[in-house]
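Okay, so subunit A shows up in both of these, paired with subunit B first and subunit C after.
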Partner chain A sequence: MLSVLIWGPFGGALALALLPADWSPARFRQIALAIASLMLLWTLAIAWQFDPAPATWQFSESLAWLPPLGLRYSLGLDGLSFPLICLNSLLTVIAIYSSAVERSRPRFYYLLLLLLSGSVAGAFLARDLLLFFLFYELEIVPLYFLIAIWGGQRRGYAAMKFLLYTAISGILVLASFLGVVWLTAADSFAYDPQLAQTLPLTTQLLLLLPLLVGLLIKIPIFPFHTWLPDAHVEASTPVSVLLAGVLLKLGTYGLLRFGIGLFLDAWVAIAPWLATLAAISALYGALSAIAQQDMKKVVAYSSIAHMAYILLAAAASTPLSLTAAVFQMVSHGLISALLFLLVGVVYAKTGSRDVTVLRGLLNPERGLPLVGSLTILAAMASAGIPGMVGFIAEFMVFRGSFPLFKIQTLWCMVGTGLTAVYFLLMINRVFFGRLPETLANLPRVQWQERLPAVVLTLLIVIFGVQPGWMVRWSEPQMTVLVVSPDLQASTQAVSSWKSQAVRFAAGSAPPLPVEDF
Partner chain B sequence: MSDFLLWSSWWIPFYGLLGALFTLPWSLGIIRRSGPRPAAYINLVMTAIAFFHGSFAFWHSWGHPPQQLIFQWLQVADLNLTLTIQQSPISLGALELVAGISLLVQIYALGYLEKDWSLARFYGLMGLFEAALSGIAISDSLLLSYGLLEILTLSTYLLVGFWYAQPLVVTAARDAFLTKRVGDIILLMGLVALSSDGAGLSFSQLETWAATAPLPPGSAALLGLALIAGPTGKCAQFPLNLWLDEAMEGPNPAGIMRNSIVVAAGAYVLIQLQPVFTLSPVSSDALILIGTVTAIGASLMAIAQIDIKRTLSHATSAYLGLVFIAVGLGHVDIALLLLFSHAIAKALLFMSIGAVILGTSTQNITEMGGLGRKLPATTTAFVIGAAGQVALLPLGMFWTLKRWLSGTWLIPPWLLIVLCFVNALGALNLTRVFRLVFLGPTQLKTRRVAAALWPMAIPMWLLTIVVLLAPSVPLNWRFWLSRQAPLADVGQWTTAWGLLLLVAAGLLGCWLGFALELQRAAARPTQKSLRFLQDLLAYDFYIARVYDFTVVWLVSATSSLAAWCDRYVIDGAVNLVGLATIFGGNTLKYNASGQSQFYILTILLGVALLLWLVFNGDWDLLFDAWRSLAAH
Partner chain C sequence: MVTAQLKPTKRHPLSAYIERLEAGGALLADSPQNVLEVVGILKSYGVVLDAYSRNLVYIADHQFLVLLPFFKYFNGQVSLPRLLAHWSHDRLNFEYAEYCLKAMFWHGGGRLDAYLDTAEFRQLAIAAIRARWQGNWLIQIVDRLFPDFLLEQVRVMAYYSGLGQFWRVMSDMFLALSDRYDRGEIHSIPQVVQHILDGLVAAATQPITYGVQLQGQNYPILPATAGLTFLADTAVPYVEAVFLRGTPFLGTVSYNAQAYQIPNEPALFTYGALYADPLPIGGSGIPPTLLMQDMRHFLPTYLHDFYRQSPRQADDLRVQICQSFQKSMFCVTTAAIQGLAPHPFTTTDPEARAANRAYLLPWLNRLQASQIERANTVP
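And then the complex of A and B:
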């Protein structure tokens, strides 16, 4: 079942590569779209059979690949990966659909998009540390080319920066994985939450640290973030959609799966520091976004701020906050994808993303009224206006983290307040005001360009009104994730909130700093 | 049937929402042929249905005990979010007020925005507005109310920014949103804290929680302050008061809603939260302080304004200040009555000046005059609205304040002074505006004025009648919602003399308003001290300037700093590393010269270095081996 999600896109990419290069770009687009849509349908079929309640791996597949190395091709789906797989399938379709029909080297472009999608799916599905790493590295290659070939003016610089950052990130992750397997003398790289439990706390910390830095680069969290704004600004719209919507989630997914999953003790020990880092990153991202002039940069820095909430929730690691972390990943995936799509339409129609140049685009006859309205909606969703998915996700994050990290949570909430500031500044400049003559004769927006944005908007509203439809997939899994394995073995469904308390009381980890509220 | 209508009153907010959704084909330009009018009619019909459904439910709620409908919304881990709807005479009465004013305003807007090209968008936003407001009216859950307040913030932003091509409108919309948002975020912090402390989020649960909560005083005080912040922004109270005044750039029908029931929505939530404020004396003191400062400050600001809408909007802040004081003192019934009386009178006043603005195409009262003879209905509406607003003639506000001073409430002397002050300045302000607009000679802009269109005149007449009937509400108020028992003691001098003083203050205000010399063309006094005073009040005590130099400066400075730091420090360090690498590579490439001697030399040196490293410290070993070799 699951292999199809990886090998379907890979096979599609291979098929594209074998097709004659002189076919029209539209035909390549159709083929890629068909493959991606099939994958989306396949994901829905999986969703039909996926049962979140038992909180275990489902649809597991396992094949020996390189036994001497301890590498197995083993896949599985659980409540943590399931929403992300859905997000990946959906956004791949949207990215391909919203790719401009006329473009240079279409065959290679769609091939890379499919490769990207397949390897991301592989990383989310892997149940083997080394396999995860392989897909994690594999995904860098198509993205590098996507930025370096179809990017903007400084694409070389941006692509190289992206490559170096994420390559270092990969090396650190690998180092940590190798360290775990070496020190525990395990005979394979199979993912096992109990693997590192036997190690002393100091060793766990030493192993967690490189993993953490590697994943923080990917998320990205201040001060490892500078590759992201450059990559976004230079990448074309569909690539930005995938980058913000799915690829960044690899980092936070890694935090939950490996950071918490493997090194729970060490994680709890450094959690206050992580929460503080999250608060700094949230504020830093929001403040930097206020000063940006490029619409894409505003959205990119906003991404940094919003991804920091996931780190905050992960640091708190209560069942609620972890469920919230997954929900926030989906929420951010949908909202940032929508924002990038809309900015992409504005750029395609006006030829500019500079907020000092654009004005009055809400003009009903000669401007982009629907795109403007949707941008306002997306900005409000990002700023956490209730009725849209951003609010309830962030509320759950804050509510889940507040009992543990009061000060940090409050600062993160200030960051939410600042979200409204930068998006309002952007909207006021770009969409309000009088449409200048220089922008008066814009090309009309086709319904085809609006459709993906409308679909995303509907999803944002639906999950905003009915968050239970999303939360129920991941809640059982997140509840057992933080229960330490020995406890898990004895009592399957203890509220891990209590186990956390026990952990602190037993003094196995340094006590958290107590803030007075 | 009637039970069903009462039970289904939770559905009433959805009428507005549906109306808003139905306008989409017109506001998106999918249907162009019919013009935007059908969208307006659909909304009117929806609001009318809401109104009649609400009336029916309200009528029937009197015979029934209050009941709650609980909707399970989200259940995750230890978080259980429910949305609760309250069906009681009070909540349904508030709903009825919202639906009624919304209906009148929407009829009014047909005339006011007759020629506006985006009528459909306006009605869509009004539908959203109405939905959120009526939701707040029947909500019994802080979470639901918070959510709806945020939607109100959003729709205020969009309605103030309705004419988004004008520069003043753009800044006004932004300021309205951000100011309210500050309050909302702090309220959300309070909400998160409350929820983490194990309090259920419905108002009735909060009440029982507040009675038993073992909260340390510091936390209780902070919590109270956080919960106050949201309504402070919504009700345009100091220090978050300026948005309401700026928001007057938006279309007038929305202004009617905003000044009467939108500000009231914030206060309504505040009233429901009152039990939590009893946890800490700090929060009730803060409420009283905020209310007093705003009541006095905004009354003063109002008398110096020359924009007709701003004169009235500052007065709105002032009256909402009184509501804050009432909540701070725990006088919940009075707070509700104040909201009701103020909302109706203020709505009528705004309808009246809407007709003036449309007729004269100006909002500057120094350019007006002599409209009394030309617009009799509008003038009557203004006079009756003003009478309902000021405690002078026996209309709504008079009876409300009379009830406050009736001896069942403890009235400290300072409160009486504040009331007299607000009443006097309110009377002065309204008299001043009345003289400038309706009396005196006509001016350039008031010479040709058309009478109000019938869609504007009819709601104005209807509301005039309602204002005249409004005293029946404070007179027949049968509830006792406050937590303290009524005082039987009528011996306070404040209650014995209070009403008399209040009316005297009102009379004084009117007299001053008539006696003061009004300058029409040059509204600035020539005396320096007077001019300073007028400017101080006219520019809202320069609060906006203070914001610019503090909050706005802080945010923009830190954001520039962050952006600079990002560009030059963090990214600079990254680029430096990159540069160093490239430089290193470039330098090393000169070593590849192609001469074999050089390579051999490098190899030999390397081997020597390696040997030295290997045998470092163990040279004896090497020499021994050598010696033994030589010996053989």
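And then the complex of A and C:
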């Protein structure tokens, strides 16, 4: 059942490759959209049957692939990967739908998008370390071409930078996996949380370090982040949507699945450093966003800041914080995808993303009033305004991490406050004031262009009002992921708060905590 | 030696317009597109003015001193369907007419304003007030306690009637212009201006009178003996109050009078229709969007088709209407400038030309902050 999510897009890509190249771009787009939509429906069918309560692998598939290498084609779905699979399927549909109908080399473009979607799905579903690595590396190829061919003026530079950074990331991840298997004398690369537990702490640390650096590049976290703003600025809107919405999540997924899953003791040992790094990255991202003039760069640096919250939550490693990390991954996926979509519409209509050039776009007659309104809403969600998914995610992250890392959490909360600063600066400059004469004849925004943004907005509000609908998928899995006795005391205290926080978000205020952390 | 040519006015920011007016042109450049826009918009404006005019006259005649005039916009035809249509805002914005009326009343000017302060008017108004409230002791006592209150209401009623009569003439004039355009008789902006000028001149001495029927008896408020006429007592004050001055109210832009953001002298106000920003930004002044909203229902097909060719098609219809409306108002202003000029602009007499130049400069000085450049540059 899970293989369909991988081989469906791959098969679709192959089918596109076999079609005549002289077909119209609209036709290729329709075919790709149909395939992606089928995958989304398939994901919903899986969701219908997925039971989060057992907190075990479900829909497992396993085939011997290369026995001499210990490689198995082994897939599974649990509470950690399920939300991300849903996000991937949804954003692939949105990315294809929001791709401009008229574009050069459409067959290759949609083929790459499908390849990308299938690779990401494979990475999330893999139950084998080497299989994860293969898909992790595979997704770099289509993304490189998507930036290098359909990107902006400096696309070559951005694509090469992306390739170098993420290739190094992959090498480091592979080195860590190889080290685990060799040092434990395992006969396969099958994912087993107990695999590295037998190793001494120092050895675990030595194995965790390359994995960590590799994944921090992918997320990205300061100081490994410099590829991301360039990639976002040069990538086309649909690619930015996928990059921010799903691809960055491979890094945070890897942290939870392999960083914590394989090396929990080592993870606990370096957790304070990780939390500090998260705080630095959050503040760095927020302060950098304030200084940007390009709307896309503002959103890109915002991504760096918001992804750091996931690292903070992962560092805390309490059930609440890990559930929050998953929630924040989905939340950031929806919000950043929405922001990039909206910035894309602004750019398509005005020809500029420069906040010093744009002004008055909220004008009801000649501006982009709905786009402006949705941008304000997305900024509010990103800044953690109650009623939207961002608030719940950040609230849970901070509640989960505060008992363990008070200072770092407070700094991250400052970063959240700065989110409002940089987005309000951007919104004030771009959307308020009088529309200048140079922008007084903007083309219309069609309903087709608004639809993806409206869908994402609805999800942001729905999960903001009713977060339980998302939390329930991951909560049991995140609870069993952490077994460290050092964290048990705080884990139990925080656990009681988790349900209260969720109820609070749903409308009923909980009593103030009485635990003294 | 005296030459027939005046010195060029290079130093004046609007020198090109001065020279154009002196050459017999208009404040708005002559082009087929401008003709189409101006005539088309004046057609819809004529229809709207017709409705505004009828309503103003109805209020003046039939809502005289009605203290709570709930149904004043219904012209006496109150029914449930009309009430529902009104509440759902499926109606004309008669409020716009009242804003214009109040701007005229506030700025005053002309003999109508002066007459309303005379003893003769006071006597006539008091007679009407007494007839209106005959047998109503409560109102009579209130009137005794505050003798200026109802008197001021009668002055407002006089303006209702005056503006209604003014717009009656203008509505017919604009609709006649549209008919001539449809017959192929209008091809240029100067022809449009001439049509308006001819209409103003023809109606210039038309008397402005007002009286109310109370208890079966006619009570004059503005009698014919007051000598009030269309051009001097309604048209000119209207242009001054609504086109030029306007009011620094009703918008969302906050003006700080103590910081001199509003001129001390109302004569220096520049909040009128010629200055209004076509983009709805919440600027102060009479909201042009109300009028634009009304006019869009009556656009001739050729103008609607023209608007639909714009990049936003019908999305920014009200902005496009406002821009066309301002173009047309510059034509009306041109007609007013020409009509009030001391000498015809076609004169070759140097002294007459110099006098015309001296007459034009203050006009153009006032128009510096207006939308004149935009009206002549925006396609």
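Simple rule for what comes next: the second predicted complex is superposed on the first by the 483 of 517 C-alpha atoms of A that agree within 3 Å, B and C clash if a C-alpha of one lies under 4 Å from a C-alpha of the other, contacts with A are read in each partner's own complex, and residues count from 1 in each chain.
Just so we're on the same page, a residue touches a chain if its C-beta (ideal position, glycine included) is under 8 Å from a C-beta of that chain, and two chains touch if they have at least 3 such contacts.
As the structure is a prediction and not an experimental result, all values here were calculated from the model.
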| item | value |
| --- | --- |
| Subunit B versus subunit C as contact partner of A:R434, first or second or both or neither | both |
| Winner by number of subunit A residues touched, once subunit B and subunit C are compared | B |
| Contacts of A:R399 with subunit B and subunit C, given as first, second, both or neither | first |
| Touched partner set for A:V414, first subunit B, second subunit C, both or neither | first |
| Touched partner set for A:K161, first subunit B, second subunit C, both or neither | first |
| Contacts of A:P443 with subunit B and subunit C, given as first, second, both or neither | second |
| Subunit B versus subunit C as contact partner of A:P364, first or second or both or neither | both |
| On subunit A, positions contacted by subunit B and by subunit C | 360, 363-364, 434-435 |
| Interface residues, subunit C side, partner subunit A - complex | 277, 279-281, 310-313, 315-316, 318-319 |
| Subunit A - residues contacting subunit B, complex | 161, 164, 223, 226, 284, 287-292, 318-320, 323-324, 360, 362-364, 369-370, 376, 380, 383, 385-387, 391-392, 395-396, 398-400, 402-403, 409-410, 413-414, 416-418, 420-421, 424-425, 428, 431-435, 467-468, 471, 475, 478-479, 495, 497, 516-517 |
| Residues of subunit A that touch subunit C when the two form their complex | 360, 363-366, 434-435, 440-444 |
| For the subunit B and subunit A complex, residues of the former touching the latter | 28-29, 73-79, 117-118, 146-148, 150-151, 153-154, 157-158, 161, 164-165, 167, 169-171, 173-174, 177-178, 181-182, 185, 188-189, 192-193, 195-196, 218-219, 222, 555-556, 558-563, 566, 570-571, 574, 578 |
